[in-house]
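Paired with chain B in one complex and with chain C in the other, chain A is shared by the two complexes that follow.
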Partner chain A sequence: MSQSLLENLIEQLQCLPGVGPKTAQRMAFHLLQRKRQAGKELSVVLNEAMDNIGQCSECRNYTELELCGICQNAKRAIDGTLCIVESASDLAAVEQSAQFSGRYFVLHGCLSPIDGVGPSEIGLFQLEQMLENGHVSEVILALNPSVEGEATSHYIADICKSHNISITRIAHGIPVGGELEMVDSSTITHALMGRKQF
Partner chain B sequence: MSQSLLENLIEQLQCLPGVGPKTAQRMAFHLLQRKRQAGKELSVVLNEAMDNIGQCSECRNYTELELCGICQNAKRAIDGTLCIVESASDLAAVEQSAQFSGRYFVLHGCLSPIDGVGPSEIGLFQLEQMLENGHVSEVILALNPSVEGEATSHYIADICKSHNISITRIAHGIPVGGELEMVDSSTITHALMGRKQF
Partner chain C sequence: MLAELESKQAFILHTRAFKENQLIIEFLVEGEGRLSIIASKGGKKNSARTALLQPFRPLIIKYKVGRGLHSLKSVELNPESADIRLKSKSLFCGFYLNEVLCRLCKSDAQYDELFPLYDYAISHLQHSSEREIDTQSGMYLEAILRQFEYRLLVMLGYGISFDYDLHSEADIKADKYYELLAGSGFVFSNTPQRAIIGSDLMGIDSFLNTDLEIEKLSAHKLKLAKLILRACLHRHLGDKPLKSRELFRK
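What follows is the complex of A and B.
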């Protein structure tokens, strides 16, 4: 017997991260029972998003426009700071803190020669052009403290130095509200190295 | 500023059960980064499923056809048993056990006069017609042991008796592999009441 439409739906829902057969089945029944209109609306926006969302020509953040909302906002350029993140979800996390009023640059990865990811794959030549324009006074590195993150941070630091742009990195340490005994040793190492006068 | 396509996608993904803003954001980025084609295929099947999946005219199981795969299978009618379940997901659970070779009838709910759910809302007149046809020798109740489930079970038992059809119910008790101390007291009550000679 060929696959039914319901079986097909349950299979396709598993392209979503963290969704296995059981969860996909629960989702399919939920939509069929109570959310058919919402399911149809999701179908439309999903198709539009997959077709039309590309990268902002300035910062490489996801957007369906030539320039993302942040790059369109002139106030954010005046700030002069540029926060460099590995992913669009990292950008969203910084943005949700509402503490940063400059612009971003999204690498969509890290330098990883073994995997064939060099400077051009993560937009570093585009970044260099941006820094040459002279509108950036400070680059803030917000990359993960992994081996690849460190190598990428050093590469970007070298670009900044050659353009006389100040470079900082966000602090790594114990999360606020986090218990010391629950934190991994790599975080504790960073917290110790980043200690400040009391 | 109006909502971006990405924000719209993240909002619409939250029509899925168990998906809040954080999970929806993770899903959206995952699809954009790595699964655009799968996202588009999901969009197509989602729209088709919402439009075309209805209820089987015999058993009320979800299907895009007039008769579902189980009702189309003549071997399953020969068996003579009819398993009555509250939902299509309960049907799927019984089916996955591969222990039942008869047909099903899906109520899509339980009798609940307070909520305006009477016999016709859960297909009981259709069920009675099915029993009058004379092809069912045994009705197996697989409803949940809730107040509504019990009331519905008794209602169906009365129909069966008036048509001289044998009626049984599946056993409730301690799940196989389940630890006694982890099981809720209602299940223990059912397990005690259903005890058998050792």
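What follows is the complex of A and C.
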């Protein structure tokens, strides 16, 4: 027997992260009972977004334009800093801190050979070309402190060294509001190694 | 009542997300081999656990044996082993070891000798990381990889002999030329252009079988060992290339 439209809707909603069958069913009923108009608008926007949002040709952030808003802003290129992040959500987190006024490069992943992710899959050849052609004076690594993040950092550091570009990495340490006794030994090691004059 | 679970030494080879809050972890477990074990993610609230569930760290784990996947009950850092923090090229070599191992060794098959073999290679990679030996010539790292590849092939029953001609069973002669039959060994060759001279083959297996003594390594023999072992590995890995080789920039 063919699947009903409702069953299909519930199944498709499960493609979202954190949404299982029960939540998907709740979402579907909610849209049908109370938010039909909002549901229609959502479907239109979703359709447009999936068709039109691509990656910025410079930084690989998501945008429907050739260049994203940050890359179009000439002021952000003045100091020549380039912050490398793993995902678009990491970029949003750094932007929210309002502490960085340079440009970004989004990898959309980290080096993980067993998963089939090598330098070309995360745009490192594009990054190398950018460093060759662009006016980058400092690369800031803002990658997650995992083994894959570490490998990616070393690979990028090699590229920077071969082009004589200064490279720095954001500090690893104790989060604000965290408790020292609950922090793992690697983070404490990093925090001690990266201590600063007070 | 459940029997008490045994503590075993282990290394993580690879982790992948499973459902929302779980991971399927490929462990290399002492006395067992490669095992797929399901574990809950450490998450933001348990960063100490997340930090432990990373490749290359020497761990002690307890797990419950299941029909397909096993489930992880506890994990801690091995107090008797120095913590491993690979850097730069050593880290890329570590990824290479893990990829070769995952491609060649089946999950849940019994490989008793695999853990000490991997432990030996990883601790030497750590040694190289600490002293930055690789910055000199890269020979030390190359030697670790070649020993691992050769010993892994021997352990899996794919070893080749460097001592005798496969067809005539006569000893390899220093002034004769030999051709490699990947996966089998060497045979006498009449075409020196495409063959290897016997004197170059001599001593390669003793180097591959004995512990590292960097000052005794010859760059030429190391390069030859690389070509031979690459051909042997290719035979068992198939046409899909090893992705980790892309990490080594030329």
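Just so it is clear, the second predicted complex is superposed on the first by the 186 of 198 C-alpha atoms of A that agree within 3 Å, B and C clash if a C-alpha of one lies under 4 Å from a C-alpha of the other, contacts with A are read in each partner's own complex, and residues count from 1 in each chain.
Heads up, the rule we're going with is that a residue touches a chain if its C-beta (ideal position, glycine included) is under 8 Å from a C-beta of that chain, and two chains touch if they have at least 3 such contacts.
Quick caveat, the model's predicted, so the values are computed rather than measured.
Applying the stated contact rule after C-alpha superposition, one finds that A:G116 touches chain C and leaves chain B untouched.
Judged by the touch definition given at the top, the superposed model places A:G18 against both chain B and chain C. In the superposition on chain A, A:S186 makes contact with chain C only, while chain B stays out of contact range. Looking at the shared chain after the overlay, A:S101 reaches neither chain B nor chain C.
Once the two complexes are overlaid on the shared chain, A:S4 sits against chain B while remaining clear of chain C. In the superposed model, A:S137 lies in contact with neither chain B nor chain C. In the superposition on chain A, A:S43 makes contact with chain B only, while chain C stays out of contact range.
In the superposition on chain A, A:L31 contacts chain B only, with no contact to chain C.
Within chain A, the residues touching chain B in one complex and chain C in the other are 17-18. Of all residues in chain A, only 17-18, 111, 113-120, 146-147, 150-151, 154-155, 157-159, 182-187 touch chain C in the complex they form.
Chain C makes touch with chain A in their complex at residues 13-14, 16, 20, 47-48, 50-52, 54-56, 77, 83, 86-89, 91-92, 95-96, 98-99, 102, 242-244, 246-247, 249. The touching residues of chain B, when paired with chain A in their complex, are 1, 4-6, 8-9, 12-13, 15-18, 23, 25-33, 35-53, 62-65, 69, 87-89, 92, 108.
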